[in-house]
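The letters A, B, C and D name the chains in turn, as written, and every chain counts its residues from 1.
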């Protein structure tokens, strides 16, 4: 409660439940003068939309965004932008079975324990459907970034599905949009297709790792000590449903390195400092270096599976549960555009923060 | 920067540089009536203090904390508590060599690029010395937790040093305080001692993984969607110097599991729900389950090593650097009490938030 | 921008423009378990609604509120409550005359100077129409107050219209709802009716003073030093369109008193401390005393009048303007329910804050 | 309480009690590169310092400020600036009489009721001594304003003492610093000297009105809807001890005017829009117009007087009290530099906010 917002100057508040009338994002702090319309935002929502292939949930949602405020004659005015998405697929018949049971590995039980309310309609506020609002806000953030700091490119992709990791030697930016898993490794995409098809048929699910890279980020973004760029990215990604780990650059593996191996050596290039490597993920001391900003997060497998699991009822009786319905065998797939959206929001926020707090006072090297 | 604070209701602002007159924490939002004195806080600072054995930096700092406000007759009054630590070891001779060079892998360069100021005195604000203020605040948070929610126990320990991980089958809570690495695996402690001694003598450094566990945390803490308990823990840990990855429960490995393996099954116990496992790390949907809360983070090796590295000067000339001085071969060791302090602050904050936002309205199972 | 929210734990973000598709309030932090439906909120919106008598603007707006999220089965769930009001009366023909001219005494010019966008549609975001969203949020706040701290009664009324002040000796709570000016002085109501009718016919306007009283507020609310109860009330009232002054208790007149006259003497009553008078307006040191909380604010006359005034165009040319259209001769009338709503939001916020920060730790006298 | 901070990007947290070891301001968000030293801040503290003439409390405090962090080689670094003032005059003998009694009109009773702690040492946190920290922060804010937006001049002065108001026809800026009351009316200063001398001898006290004007403020500052410039100024002034009313421009008197009288007509001047009058106090729609920003506040008479007043004890018994000791007959005098400091902090904050949120996107007229 009162914690449904993120961002400092570009501040996004999401609202709405999985099966309520609508959900959306109240976006406060978008700079004025940014050219925007619903179509530009819809583009990113369509990328996240369920039911586009057999690997994602078959729930049918148009996910059509409406801009209710904050723009005039095609540009933002500097006032709050309300982005609303109406829910169209609200089948109530689905819930009978889980109305009184808690799904293991799901937020059903903790929401009830916290708030004393059992909103059994498809997860209510804890549903991944909330991420549609993030993607809408992220679409607006991208346009604002283009307007005030052109040249930043944000791209997310899947690097692992279950036990299967991509081969970095086959990394190809152009492949990312060419397969249903948004992976840069075409061969992995083929293998994953078969693997996931089997999982889907058996009613199982699997986890994934998503990497999001921002290229063209200027040096100097990030506000130490408690709004470091990596701190804000970690919070942003960990707040996404089902995420259990976040890494910057070398990530958890940094623990295995020596100082010699981990140091990114510096030399002077024509346009400023250049680095021999990017173990840091483009962030030192919480501030961007000018290199690619690299963040990675792990998405756990969805808990909605067809295998019987032990659980309890609302009244405290032991029972069992099978979660039928329309679910994602690899929910990580649809987390790709969500991760991109969070990156866009965080970067725009820090562009504005830096401009406000530091202005043109930056140090120049060389 | 106005971003030197963390927490919602228990709000800590740290201030001070590595080699300025003093540093400290302005702690706002501590509940009234908590019995506190400088000694109780000093206990935790002593745990973090440098120079206690050959494995940590030989810089000599008393790290003596003074309480300048917020208490009267031995208890907190509900007003801000100022915790100040004066710097005593401010040797200026150390800086000559690095005054104009940037250390690879260090925040020297990004702070200069951001702020246009080169504070070369031992890292200035970006120094790990800032974490002393966190540990002081954490000491106060522990006492406040004991006062309002007794029974919560917070413990941090090292699970990996470089390539060497502990053997979980030898995990012993009682060993943690019995070795200089705060590791629960006595055999690992012996092996690491030799390994680190070698690294120290060769002027190298190595990374580490720290795990922090909170036992006795009640179900219901955490504020979805953007102040989830795991979100706030991820931000708290990622904000610590040199941290590059954060995991909750199963962490990055969750990506490798199927839904069947990852689900923690639920049954009804005498005191409420019980779980067959804790892949979730005690957090579902951003809210505590009542299980142990488990967070893990990776600390990169310090960039201050005796091997020559390529770098540039402030004026943009290519050069080389060797970082002499008094440094930690495994800075992760001293991150253990820092991680504990951050856990304490986050938990207290969420105890207060929950009390304010939800009150006694929680759902009861059984 | 990013400043369209108020409140600490009960946090209201308003959005929407005068003539956009819709406006509303995203209310975050409402406690769970509060019984609510659209009808309870509509009650307060109807009080503020324009066009109800000849003394307010003849713009026709249904001001029908819809609850889009945050409730389930008739109670709040602890998640954000989206309150949306669609705009139905969007006559575009009205704007031709003022499209390029700035109205003296109106925010037209400063919004343009700040944001570089001229949203000429009835004031855009700066329109008093934004206060409908506040009234909706206030309706929810009232229900939440009743649920967690029953016995608090909030009432606003007009004490001055232009040169005409009420006679406090005729103060009658029951009169407030019996006249179109919400004044407790029936005789004043009669006199004001004639006075305002004359103003309306001549196309003029006049200012007003509104007083809002909260009875039954417990001692102890307010968070010194910078979220004192009076500080938050001052900000809340000053943020209302056209407000130029805010007073607590004795208000500006406190400057004229001696310490002897201003001190509210204390004696012990059956239920706690009692006061001989209430110069303090129920607040000492920013914390409620248990007496009536009394706040007063002055609303300037609307700048939309039929008399020709000098002004300039967007391109900087001197010109003249007459503001035709449907306007309020005394906009202060409709500020009464807005002031009440702000009082309700601030009190609920401080009830939650106090519960979170202090809990049951209050001092007991006697 | 976590509510001891104000400001959005220039964020000041004050800490410390009247009779603790020290008090101060943790100032976060000061831009880097501002030339500052303790002397520049001391200048303003000396203006507020008690005991400078017979009209203010005879408590002796050096009020010497120390800068503990955030500067290097004479300029700010962009990191938190800690401004500490040690308390030197901590006579404990004063408190015996009021240890168990509550002073009427004082925060003694509400702090006890809220926090359950009776800090009887000279008011503890509720003492006006807290305002020394504000003045220190304000001194830093002034230098930062000069650095990033030169040409803004902030000046406060007294316009009323009790029943005695200044004559605006005698207003003389140069007189303000020439008398102990900081009043621009030399004749009033003479009259007030006699009047206050009488009050002081009789152990009484009286209220005052302070006006603070900022000249040279550019158009466009202020962040609607809930961080309007007037909203933030109202909160800032109302948070000062003993303030009971705040006015912008015409203030409460705006209620008495018609639309014709209140409208400030606009014409085009050589440097932009010019206004025929300044009823608005330089703020329209919460945004600065470029005219003088004018705020006024009423300070109530101090409750510490030599006349016997009825009160109760901590245990709830009726009793009487006389407040002996060293007090201000007109505490409003020392509120002048405090009001100036708050104006400086608010303006700097909005300069930074505007830069961050809007950048160079402002509209240009003519």
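Convention: a residue touches a chain if its C-beta (ideal position, glycine included) is under 8 Å from a C-beta of that chain, and two chains touch if they have at least 3 such contacts.
Bear in mind the structure is a predicted one, so any value in this text is a computation, not a measurement.
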- Note on the structure: Common contacts of chain B and chain D, by label, are A, C
- Note on the structure: Contact-pair count is greater, between B-C and A-C, for A-C
- Between chain B and chain C, centroid-to-centroid distance (C-alpha), Å: 45
- Can you give the whole-Å distance between the Cα centres of chain A and chain B? 26
- Task: List the centre-to-centre spacing of chain A and chain C in whole Å, with centres computed as mean CA coordinates.
- Result: 39
- At which residue positions does chain C touch at least two other chains? 1-5, 8-9, 14, 29, 31-33, 78-79, 114-117, 125, 224, 353-354, 357-358, 361
- Message: Using the touch definition from the top, list the residues of chain C that touch chain D in their complex.
- Response: 1-6, 8, 14, 102, 104-107, 109-118, 125-126, 130, 160-163, 199, 204-209, 219-228, 230-235, 237-239, 241, 244-268, 273, 276, 279-281, 283-290, 298-305, 307, 309-312, 314-318, 332, 353-354, 357-358, 361-366
- Item | chain C to chain B touching residues, read off their complex | 9, 29, 31-33, 78-79, 148, 224, 352-359, 361
- Query: Which residues, counting only chain C, touch chain A once they are in their complex?
  - Reply: 1-5, 7-11, 13-17, 20-24, 26, 28-33, 66, 68-70, 72, 75, 77-82, 84, 114-117, 119, 121, 124-125
